[in-house]
Structure formats: C-alpha cells, structure tokens
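Below, chain A partners chain B and then partners chain C, in two separate complexes.
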Partner chain A sequence: MMNVKPILQLIVKCTRDAGLHTCAPLQQIQKLTRLRVIDNSELGKSAMLEGRPPKCIHIYSKIRFGYTGDKVLVAIKGQKKKAILTGCHQNQKPLMPKFDSNNIVLIDDNGSPLGTRILFPIPTMLRHKLVEMSRPKGADYTKILAIATRFV
Partner chain B sequence: MMAGLARMRILSLTRQLASLGLGGRRHTGSSAVPAKVLPYRKTRGDDDDVNMQQIPDDFRVVFPEFLPDPKPEWRNRLREKLERQDMLARRAVMAIPEFYVGSIMGVTVADPNASGKINRFVGICIQRGGTGLRAWFILRNVIDHQGIEILYEMYSPLINNIEVLRLEKRLDDELLYLRDALPEYSTFPLDMDPELIQEGAPVPVNHLKVQLKPRPWHERWERKNLQGLLDLGLPERFYKRAKLHEKPWEKFDLMKEYRATIPEEEQADIFREISPHYEQLEASRRRAKRRRTKIIRS
Partner chain C sequence: MKLQLCSFSGYKIQPGHGKTMVRTDGKVYVFLSAKCERAHMLRRNPREVRWTILYRRKHKKGMEEETTKKRTRRTQKYHRAIVGASLTDIMAKRNMKPEVRKAQREQAIRAAKEKTKAAKANKKANAPAPGKTKKATQKAPKMPRAGRPGHGGHGGRR
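After this line comes the complex of A and B, so read on.
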C-alpha cells in the first residue's frame, strides 16, 4: 500500500520552490473553451448530439476572456461560426445570473441567429448589451432577443 | 457545552489582555504574523457585569449580518456603527425576513431591462455570507432544465421585496453540492405559494439526503463532512485520502475560535445599540407573516 503523504509533500515543496502559483478554477471563457449551443439550429443540435460541442477559437474583445453578451468565434463541425455568449459558468456580480453551463447562440455576420428559437433562459442584461453592440448600418445583434422564450 | 465554556474563556481572555495593556501594540515575537489584539473598550461606564441574558437567543442567528467580521485588520468601530444605522433604516423601509440556508425564497428586483421594470426570481438559498451592508445570499433554481444561481446583496436598494416561501433549515450550513446534485433537488416552481408555520414554532429542519450526479464534481465533497448527502459510492482510496486531509484538532483550537468570534461583551454592546429597534424588526417580521390569512403548514 503506497503512502501518499510524502509524495504530496514533495509536490507541494517543488511547487513552492519553483515559485509556481495555483488558484481555484475560475471557469473563464477563453480560446479552446467548449461551449454549449442553446438554440434549435440544425448545426448546433447535431454538434451537441454527436458529443463534439463547439470550441471557442476567438473572442471579439480586447480582453482574453469572454463574458456574458460577448461575440465569439467558434469551431463547430469543421466550420467557423460566430456566436453570442448568453450565459457563463463563472461567478458573476450581484444580480447577474450565473448558469451551470457556458451557453451560446449561433449567429451569422449580420447578427441573425441560425436557429428559430432559444429554449433556455437568457439574462435580461442582454437587452441592453446587444443594443450597445449593434451598429445602425452594421450588424444587428438584438435579433436573438426576438427568438428567446424566457428571460431571467 | 464546549462552545459555552469557550465563550466564557473568551470573555475573561479579553479582560486579561486589556489589563496587560496589549491593546494596539505589535507583538514583537519571533513569529511572522503579528498578533494584533483589539483593546476592550467599555461603551457603558457603570455596569461592570454585562447581562448576557438580555440578548435574545435568536439574535445571532436571525440577524447575523449585524455582527461585524472578526478579522482585526477589517474592524472599524465607527464604520460598523454607521453601517448598523443604515441597515436599520433600510429595514424600516423593506422588511428583510428571517431565513436560513435551505429556505426557499422569492426576490423581486428593479431591473431596467426586464418587462415591467421588475424581475422576480425564486430559488433555494444555498449560501449566505458577508457582514453589515455587504451581507449577501445566493439563490439557486433550475429553470427550463438550466441551473441558474443569482447572488443578492440584502441591503441593495435595487431589491424591492424579499419573501420567504418555505422557511426551513437543512443538515448543512452550505448547499453548494446542489450544483453537482440531480436537478430535481434544485427545482422549485416560480409561482410557488408561501408556506406558513405557526408563530413561535421552531424552524423545521429538513433531513433530506441529496443524491449527486456521477463524478466529476466541482469540489471533493467526500472531504467536506456533509450530512445532507446520500452515500457517494466512491472507491475506498477517496476516503483514505480524505482521512489524510482531516484536521480533527481544529475543534479544540481555542485561539481559532477566538479569532472567528466577536467577544460576548461586544455582542452585548451591539445588541444594546440596536435594541430600541429590535421590537420594530420583530414586528415587521411578524407583520409579513400575519398578512396572509391562512396557515397551511402540515
């Protein structure tokens, strides 16, 4: 029977001496994060069903991490698609809902959603954030609010 | 019994340290962490024997945010006094009911982005914390097969109403394991009716044992000594490693308990400060209960 304690102590000592810092998982959304598609688009449904959820490959913001309402580029079934983050698993500020999974809604370049309905709840703050993101002569990201069924 | 004896010792410890004149002076020992001890200051001149019986039994439990954080670096008596005044002023406007971790609550907030400018969320309280005006709690619910948690700051002016729909306690102080439990343990209807209990009755304890989903989990629940879980069904090596990480001496650590509690004299001082408003706080709690006409608790 192996005695685990001296091995654990050795690992802790090596980490400390090497100056490494470990922290609790922050569950942030960054490149290569696997996301969950919550709309009823064919692409999203088939990707989730076959067990290969989309991976985030780029976040359209100056920060390396994605937060609720950010536009991201995902790799899904060999294609590149844009998506909006509608729910994050990361701990949120007060009054902001925290979801059990990192949810996205697939969109095209004009902001039109690929699916026809979003069957899961989305936060009310998206009403404000997506209007802010949209440009009068550019993409209109508020179209996904029209297909949402429940706000939280 | 242990806690009572420990509290008595905390009482005499502060007085002894005050008499030694250790207040405020840095301890120049060889240890890296200076042992800073706040001096005991009498707020009332005459009565030497502070009457502990004046504090109602439920004060520490029902209004835990009135007691400040025991960490000495964060203590500031003037700020705490001003905070308590603000807390009482807020409670005069909006009644904050008695609740515990495991109670099901409904919170209405002012939300400019929601329809009708208000937003209501119902959920089970899985954790509460913070002191003073920063006191918070987290509600969890599963809506449309999606687990959602929201953190509410109790004294935020954005909150319109906090309602306790089912007042009960659970076997654990924190229910964070509900994140790894089967969804039915966190699902509550959004249009739930409030369930009343008899006034003066003790808070019921729900002895529900929760079943977790298969691993991976968010935390090593086998190491947390949780009472509200069904048998985890883990291999023996998990429990052996959990035993290595156990700290059975912690419950005998008197200084640890001292650092984690506010001394009895200070608690009595705080209660004395808010006692003119205590009847108002109790009355608003009872008023919220009496407003409903039926008692339907079985």
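After this line comes the complex of A and C, so read on.
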C-alpha cells in the first residue's frame, strides 16, 4: 500500500500535465462546453476578444449531446442567448465536414442571426437539418445561411 | 456533384466517399480515406510520400513526359526596308538570277578596268612619278569589289 501511492500520484500528474483527450465521446458538445462564435455580432466578438468564450448551458435535443445544426442555449457575457451549432470537433456522420473548433452562430428566438455576416466556412449539409427544424409560421432557422460567405 | 481531389493524395473522390475537415484558420482539407487523413495528421508532406500524385508530379514520374513537350520559341524573320534601299530594291537584288549577277559583275569589272587604264594613261602623260603608278595599281584590285551589286545595300547597316 505504501509503495502504490507515489506511483498513482505520478500517473495522475502525468495525465494532467499532458492535457490529452483520451476519449472520443469527450469531444461532444454538452453542458459547459466552451464554444467559438464565428459571426460578427457585437456580443460574440467582444466575448471572444475578452477570452471568455460562451458556455453551452442547454441543448435543445432529446439526447444530451449536440451535433452540427442543433440549437443550444449559451451563457455569454452574463446573458443567455440561443445559438446554432455550425461546426463540431467530434467525428461527424458521413458527408458532414468536421471542424477543428466547436463553432456557433448566435440567434434570437425567431432564428434571425444577431450578426450580419459569417466569415468562417459553414457546411452546406446544414441546410437540410435547419429546414427540418424550422416551423412554417414560427422560427426560420435557415436565415443564418443567408449571411454566410463561405460554404464547405 | 463536383468531383473533389484529395488534399493529401490527389486522387479523385467519388460522391459519398471521403471526409472533409476545416481547420481553425479556415483552411479546408478533403481526404479520400482514413489513410490520407491520418498521414496528414501525422504532418507528413505528401511530396515525400511515394504513392501520392504530388510526389509523382514533383519527381516527374510516368505520364508527364508523354503529354508535355517544350514549345520551342521561334523568332519571326521578315524583310524590312533600310534607309539606303527600299523593300522592292532589296527583293529585286535578292531574287536576281546568278547569271544576271555574274554579267553585272563582269560589266562592273570591265568598267573599272577601263577607268584604271584611263587613269594610268593620264598620269603617265601628266606626271611620270614611280610612286603614283604604284598607288594606281593598288587601287585597281579594290575597285571591282566596290562595283559588285550585292554590297551596295549593306553600306547603311554597318
């Protein structure tokens, strides 16, 4: 017992210092995931500049995890805002591109984006999911595609 | 559906195959297979990996030699008129037949010889000094050359 403790401590120290993602599911979007705002809204830009990126606090989906195109609730600069996930670091389903960062576009309740332009690439496959999500007389989530400049 | 090329290997990616990845700086990479993707993640340079198209192109393997031929540049030659002679004169002299040219030359030589003979006779009559006759003989071989028709046009160029 006395001999095991320092070895365990060493192992814990090593894994902590390496900072490695050892498990694939940990790359999923879930509560408290830090996200990257890619539109040019004032709120998003100031938050990213400050070094306090928005945190996901709720995912509008039956499963606990978010995939590209899901609506999420984020805490940004002390406010609660809704956002659409436009890119995930996790391995995606076929035909959906994979991004190196978890990207969001801030929207309001109607689905209209808060910013005026999105300069980062957005997947074209997003359209299919956004159209499914949108209600004819309710929220139209495909508006974010209108402000996008580059598609992947 | 547009046929994409793999970012690593350079092969064509059929629809329904492959994986795209977008980097944080916005660069997009399309991979044909997990092999290509993993090689890229290992930071391998496709120009050093033997089976990729980039390597083959760099080391000029295979097809390239057959398809591309070096186009030789050829400068266009064309005849221009010079100050001393117009284009028609130049063309006339160039197209002159050798018999005609020879006849002209003979004529010029004969004329020059006549001239030197006359000059000699005059000089003998006027001042019979030995040095002057030498000068006259020295002039004789040069005259026929000046008389030849071909050289007249080149005077201005030099």
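Simple rule for what comes next: the second predicted complex is superposed on the first by the 127 of 152 C-alpha atoms of A that agree within 3 Å, B and C clash if a C-alpha of one lies under 4 Å from a C-alpha of the other, contacts with A are read in each partner's own complex, and residues count from 1 in each chain.
As a working rule, a residue touches a chain if its C-beta (ideal position, glycine included) is under 8 Å from a C-beta of that chain, and two chains touch if they have at least 3 such contacts.
Since this is a predicted model, take the numbers as computed values, not measurements.
S.K.: Counting residues of chain A touched by each partner, does chain B or chain C come out ahead?
M.R.: Touching more residues of chain A than the other partner does is B.
S.K.: Of the two partner chains, chain B (first) and chain C (second), which one does A:R150 touch, if any: first, second, both, or neither?
M.R.: After superposing on A, A:R150 lies in contact with both chain B and chain C.
S.K.: Contact-wise, after the overlay, does A:P121 reach chain B, chain C, both or neither (first, second, both, neither)?
M.R.: both
S.K.: Does the superposition put A:P94 against chain B (first), chain C (second), both, or neither?
M.R.: both
S.K.: One more residue to check, A:V4. First (chain B), second (chain C), both or neither?
M.R.: first
S.K.: Just to be sure I follow: which residues of chain A are touched by chain B in one complex and then by chain C in the other one?
M.R.: 87, 94-95, 97-101, 120-121, 150, 152
S.K.: Sort out for me which residues of chain A touch chain C in the complex.
M.R.: Touching chain C from chain A are residues 87, 94-95, 97-101, 120-121, 150, 152.
S.K.: Going by the contact rule at the top, pick out the chain C residues touching chain A in the complex.
M.R.: 16, 19-24, 26, 28
S.K.: Note which residues of chain B are touching chain A in the complex, please.
M.R.: 109, 111-115, 119, 121, 136, 143-153, 156, 158, 179, 241, 244
S.K.: Per the contact definition, I'd like the list of chain A residues that touch chain B in the complex.
M.R.: Touch list, chain A to chain B: 4-5, 8, 38, 87, 92-101, 103, 119-121, 124-128, 149-152.
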